[in-house]
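Two complexes come next, and they have one chain in common, subunit A, joined by subunit B in the first and subunit C in the second.
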Partner chain A sequence: MTIATTTQLICFAVLASTVVLGALGVVLLPNIVYSAFLLGGVFLSVAGLYLLLNASFVAAAQVLVYVGAVNVLILFAIMLVNKREDLSAIPGLAVRRLLSGLVCGGLFALLLRVALTTPWALPGPLPVGEEATIRIGEHLFSDYLLPFELASVLLLMAMIGAIVLARRDVFSRDIATGEEVDQALIEKARTPLLLDKSAS
Partner chain B sequence: MDSTPIDVTSLSLADGVPLQAYLVVAALLFCTGVWGLINSRNAVRVLMSIELMLNAVNINLMAFSSYLDGQLIRGQVFAIFVITVAAAEAAVGLAILLSLYRNRETVDMERFNLLRW
Partner chain C sequence: MLSTTAPGTTPGLDAAAGLDLQASFETALQGLGLSAGAAHLLWLPLPMVLVLVAAVVGVLVNVWLERKISAAVQQRIGPEYAGALGVLQPIADGMKLVFKEDIIPARADGLLFTLGPVLVLIPVILSWLVVPFGQHLLISNVGVGIFLWISLSSIQPIGLLMSGYASNNKYSLLGGLRAAAQSISYEIPLALAVLAVVMMSNSLSTVDIVDQQTGAGILSWNIWRQPVGFVIFWICALAECERLPFDLPEAEEELVAGYQTEYSGMKFALFYLGSYINLVLSALLVSVLYLGGWGFPLPVEWLAGWLGQPVDAPVVQVITASVGIVMTVLKAYLLVFLAILLRWTTPRVRIDQLLDLGWKFLLPIALVNLLVTAGLKLAFPAFFGG
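Entry: the complex of A and B
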């Protein structure tokens, strides 16, 4: 066993344990802010696993998109809905947790068995290594061109949809001058439609 | 049930990390995500669990692409598409969460029961 493979094994062990423990922390910690920061740690460790797999471009995309965008978005959402509320107890919660834990454990056992007993066609073809970014570019502009363009349309749709869903009602009167704003551009003032009926 | 013997020769650590190690890590991550998805009361944590599951799938794709498809790394292209869709999903999901919070004044999943049968 050479030094290179030993280093690779140690890096993999550290990254994998960070991923698994961080994911457990995300799910189990009671404070959601800690969960959000642990989620960032999980994303960074997954990017490290990609680096171990010779995929520097996807690792960079993972850091940029997940840590830079998704995690920050989740932190913003936590700040915007940050209200300490005592969750009302619901009956059978412990039973539900136990049952879902059993189901997830069974799923894990199934996946473990599949991963360990399948005769994978190893060793496969030689990895391209540093040329991976070039190959991804060739794929994106030749045989995966249609999904690539569809992804751009999907991102545009998601952006417009997020703006429409999350925007607040605008003022019906200009604050500075006091004159009426064009009523066609704004929503009517409305009462919340979905007031909780179970609370009353 | 026939018991296929586990192929120990491909699990040796002498030539680097085996493929199965990545698969096991991804399976653990996915099962954690599923458990969190079922049991979270906070809606933001549900979105976090979905992100965990998407990351587990991505680890699988990348491991297969590196070990079994080393020349045409199609798994990496798929992983990039999954990352794109995950970003769009997070944006729309959090926008829905914000408008739900504005209407119901809570993030408790148990009280989002307007469509309950």
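Entry: the complex of A and C
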């Protein structure tokens, strides 16, 4: 066994255990902020696994998209609405936990069976390494063009929805109660930071 | 990062490309009877330690420059008793931080409070992996090069949010949130500006990007072909480094010190180091992307030709490599000087102006720049990388 393969084996063991333990922490920890930070750790470890598979572009994209964008936005949302209040107890919590545990266990068993019964072609095709960017680009503009464009349309729809929700002049009444809602950002141009509530 | 040299490239064979210290070092060690793997293992830590030391020394120089230039701007003298012209002042500053008491606020989250500054510093230092000082003078010529820097710098806001949240202080939390919002907003035009350069050089590797700018000396630098991209990149880099006019996350009149409010001692020093290393790194990358990297304003090959020396002679190679390092550092520090001058002469923008500038101005301009670059590349493949 050469130095390179030993290093790879150690790295794989460390990364895989980080992914598994981190993912368990994301689900099981009661503090949602810890869960969100651990999710970032899991995404980073997955990027490390991609690196081990010689897919450096995918690894960098994973870090940029999942850690840099998705996870930061999750944290952002959690911290913006970070209210320290005790949630009321949900009725039948034990039954709910048991049910979700059963569903997760069943899914895990199913995936395990698929992984064990699939005839994996080992060793797989040679990694393309640095050529990967060119290969991904060719696929995106030929046989994966339609899914790629559809994904961008989906993102556009989400963006328009977010703008409609955020604009006060478009959407200033609560749908359910019909009351005026104050959706202004805390920091906004030309509006004082402390809104005068006594006038209304 | 784990895979070492790319298979298929024989180091040392492309002699015209310049000095290859790694190949020379490993051949010398193998001549002493070591195996190839052991020689490589001995080589690996050397460039890393060297770059780490260079980054920290760069910070010391930076702090001194900041103090002296700010003094000159405000018609003061600045530090002058610690060493000649006060050059030892940054070391005194650093020692002060080392000896300060390390305080964790009573109601703060100790674990996240400690982890935050570390998460801010590590991605910045890792990004030095792709900064080239010469054809072979970088830690690793990663294929995804500049993209690795962009993705690593996107980890930083997590550290800022973490320290802002863990401090249990409203100023810290607001500072962390502002930092994250600012970083996300300016990452997009930054990436688009880089994309235009990448399109011209047909590669993400920093070495290839510089190689594409050699040939006609100063005339072939990307700044002439990408003037708009240069300005966009520089503005976004300043915003990513949280330098004035974009230092809203730590705006002292509004937020005390933003996410750093509760920090002291070495934890504060980590933030301090991180921001200055990031500034030097950004300046280095501007010089790599737009100012020809290690290139001399006149091509070194011409100079060697006029002096009647072969380009691949050992002496010429050593001189070329030294000139390359000096040029890279010189360009970077010219940009650092510009950043410091901007910091002490411009007022801070408001948060809404900052976000307006990022989303309503820089982003459309960057998109148009990308489109125009693509059109020019198709129309004039000889000038814009075919």
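Quick note on the criterion: the second predicted complex is superposed on the first by the 164 of 200 C-alpha atoms of A that agree within 3 Å, B and C clash if a C-alpha of one lies under 4 Å from a C-alpha of the other, contacts with A are read in each partner's own complex, and residues count from 1 in each chain.
Keep in mind that, in the parts below, a residue touches a chain if its C-beta (ideal position, glycine included) is under 8 Å from a C-beta of that chain, and two chains touch if they have at least 3 such contacts.
Keep in mind it's a predicted model, so treat the numbers as computed, not measured.
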Evaluate whether subunit B and subunit C can sit on subunit A together after superposition, giving fit or clash. fit
Examine A:80 and indicate which partner it touches, taking first as subunit B and second as subunit C; both and neither are also allowed. both
Touch count on subunit A, higher of subunit B and subunit C: B
Please work out whether A:72 is in contact with subunit B alone, subunit C alone, both, or neither, and reply first, second, both or neither. second
Could you look at A:162 and tell me whether it touches subunit B, subunit C, both or neither (first, second, both, neither)? first
Touch check for A:130: first (subunit B), second (subunit C), both, or neither? second
Mind working out whether A:52 is in touch with subunit B, subunit C, both or neither, as first, second, both or neither? both
Give, as a whole number of angstrom, the minimum Cα separation of subunit B and subunit C in the superposed three-chain arrangement. 13
Common interface positions of subunit A, toward subunit B and toward subunit C: 8, 52, 54, 57, 61, 69, 73, 76, 80, 132
Subunit C partner, complex, touching residues on subunit A are 2-4, 7-8, 11, 33, 37, 40, 44, 51-52, 54, 56-57, 60-61, 63-64, 67-69, 71-73, 75-76, 79-80, 82, 129-130, 132-133, 187-189
Considering only the defined contacts, which subunit B positions touch subunit A in the complex? 4-7, 10-11, 13-17, 19-25, 27-36, 38-45, 47-49, 51-52, 55, 58-59, 62-63, 65-74, 76-77, 79-81, 83-92, 94-99, 101-108, 110-111, 113-114
Quick one: which bits of subunit C touch subunit A in the complex? Just the residue numbers, please. 1-4, 6, 37, 41, 112, 142-144, 147-148, 150-152, 154-155, 157-158, 161-162, 164-165, 173, 176-177, 180-181, 183-184, 187, 204, 350-353
Can you check the complex and tell me which residues of subunit A touch subunit B? 1, 5, 8-9, 12, 16, 19-20, 23-24, 26-27, 32, 35-36, 39, 42-43, 46, 49-50, 52-55, 57-58, 61-62, 65-66, 69-70, 73-74, 76-78, 80-81, 83, 85, 87-88, 90, 96-97, 100-101, 103-105, 107-108, 111-112, 115-117, 119-128, 132, 135-136, 139-140, 144, 147, 151, 154-155, 157-159, 161-163, 165-166, 168, 192-196, 198
